[in-house]
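Each chain carries a letter (A, B, C and D) given by its place in the written order, and its residues are counted from 1.
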């Protein structure tokens, strides 16, 4: 059953996140998509093709995790399934943000290997569950693809063998991160973009 | 015949595009110029010498594609002919934005060859007609010149042999891109500037 | 005794400093913490875990320099002791700002040695007591640790042998600086972040 | 004789220039100073020690070109003499802006020689008197000093042998540029900072 108060709150959170992330240049053009868990089976997710810095409540769609939309003629982003899969696999995830920052795009392309490990930064502690700067913050890296169903399965398989990820990068594309609330998820995005910017600058200095 | 409603709408779109592009540092000093197609023979184009972040309706001129101005004592930018030529050659173009971003200026000077190909970025899909990140986004590169009539002929010749361009760079000068509407054209500029910034950073990291 | 007028003024100064430093991207996520001296024994210091760009008076705690809080159930940041130690050791310090800028984070990690000396910049003169660009501005550098009590002792020991420091960096973490007033301390932060940004760019150019 | 209307206009221009240059991060801490010519013998110039992004009319001082102040107990910046000297030597100069941008600071320190020549940029045409991108924009470079009287004489000597300068850099310090109006001078600053940023990025790419 759809909780309309929760939906109204979620819509507001998605609109505000979009404004903040646009101001931080993390959702250029129509890049990015955002969602909130509404229940054990439903999510609120941003529609396809709209600018994330100028969202309205009409751009927030209600869907189950298999991306069957409720009561709308609009189209969800193809990537909505990546949100649904994360809500299925991570019961503690209540908000998901996907952004296209320059740092995420560039690092995902120039880093070799399937994992980016951010190490030795105090701001690692901004991520849920991290208590010390000595704990690495780890992001999986996947090659980009237009076959989102296949990518969702790859993410699922990776999460089964690697429970300590704080998000993942898609090469040349952007960052996905999740958290127990939208407030925490925005903190994750702010911290991860800062950390990736530091990492790029450190590599330039070496 | 001049459609005054269309002109009023076009003026508003040019003013708003200027404010947004100034906020994004893409039209420093009096750099840049913008236009909208008004009909099969007319365009609205920004006047010479004004700051593009502070346009008023008085800065929007009506002209045919050969840059014969209608009902004004003001001067169009010399580069207005580059807009007219594009509207003549590309019937689907309804808006053109020319910007001077740092990324466009630097890449156009340090890239060797007459074409910049942006490859492997998800945001390529923000360009009209691009459905996959595997489709390169290609920009022609021309040497800078003060002979705008000659440059317009060079652009025309290039478009005849290369229909899949999404815009062009003039070396040390800036970017031209066009689209089927001002909304789409602003999305093009936002995406192309992001992609060129990523490209520069990737070259630094290599 | 607690001077309530002074506390109200200090709260306002901390809130405004937070807004300005957030706009300058120097306190990402929940990074940073700020304080004002209230008396010979008390300070106003920001609470743990809140976003420094959106502080309210409820986020400003009153504490002695050993971080025994007065009349609140909230938690001070662990790092509040670093503020208390500085107020104990530096009677002329009336405001302390700790920020997490990218320049501070990166320089602290890539600079070898226990002191960063910024030399030859006119803006050195923005620091209290510096009258010429020929006077180096010196920041101590400490390794990061979660043992804040130990770090406070290290800072104390360093200040005893090196009276001319204008602040210190913690590796991968951020910058601490102090001044005789909040106005002067904000000037310090603005100057030091600018200088560290110049230093990084100079190292890239070499 | 002091024209009070002209002074009121000049004050407003200085306040607005400061706000815009602060928003563009070109006057960190208390860096920078600005002036307008009021007559053949008088100028309005910003006071010492104030933040240039938050100027009020009380921060605008009236002075002759030898920096003898009229009707104020406040102190002019030591560098006010550099403004006076330029108004003495360049009758066409009606506004002078001095800024501390990162690009100016870094380029002035890493460029070898006593002249920076910016070449091949379309935006060169934003500088007064430049009609083609093929015309270099040239800035003198002086070593920094606290002896402003001596520096003013060095600038004078240089202008006598090199009439085509558009401004000068002081190493590790910042940029001076002048123009026939404040509008033109702000265009100069915006263009020169853009061009120096491009130049730095081009040097990194090489």
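What we mean here is this: contacts are C-beta pairs under 8 Å (C-beta built on N, C-alpha and C of every residue); 3 or more make two chains touch, one makes a residue touch a chain.
The model shown is predicted, which means the values in this text are computed figures rather than measured ones.
Q: Sort the other chains by how far their Cα centres are from that of chain D and give me the top one.
A: In terms of C-alpha centroids, the chain at the greatest distance from chain D is A.
Q: Roughly how big is the turn, in degrees to the nearest 5, that lines up chain C with chain D by CA atoms?
A: So the copies are related by a turn of 90 degrees.
Q: When the C-alpha atoms of chain B and chain D are each averaged to a single point, how far apart are the two points in Å?
A: 32
Q: Please tell me the distance, in whole Å, between the geometric centres of chain B and chain C computed from their C-alpha atoms.
A: The mean C-alpha positions of chain B and chain C differ by 46 Å.
Q: Which chain B residues touch at least two other chains?
A: 204
Q: So how do the chains connect up here, line, ring, star, complete, or something else (other)?
A: ring
Q: What are the touching chain pairs in this one?
A: Once each pair is checked, the touching ones are A-B, A-C, B-D, C-D.
Q: Could you please specify the touching residues of chain D with respect to chain B in the complex?
A: Chain D reaches chain B through residues 120-123, 126, 131-134, 187-188, 190-191, 193-194, 197-198, 201-202, 204-206.
Q: Going by the contact rule at the top, pick out the chain C residues touching chain A in the complex.
A: 25, 28-31, 51, 100, 102, 105-106, 109-110, 144, 146, 170-174, 200, 203-204
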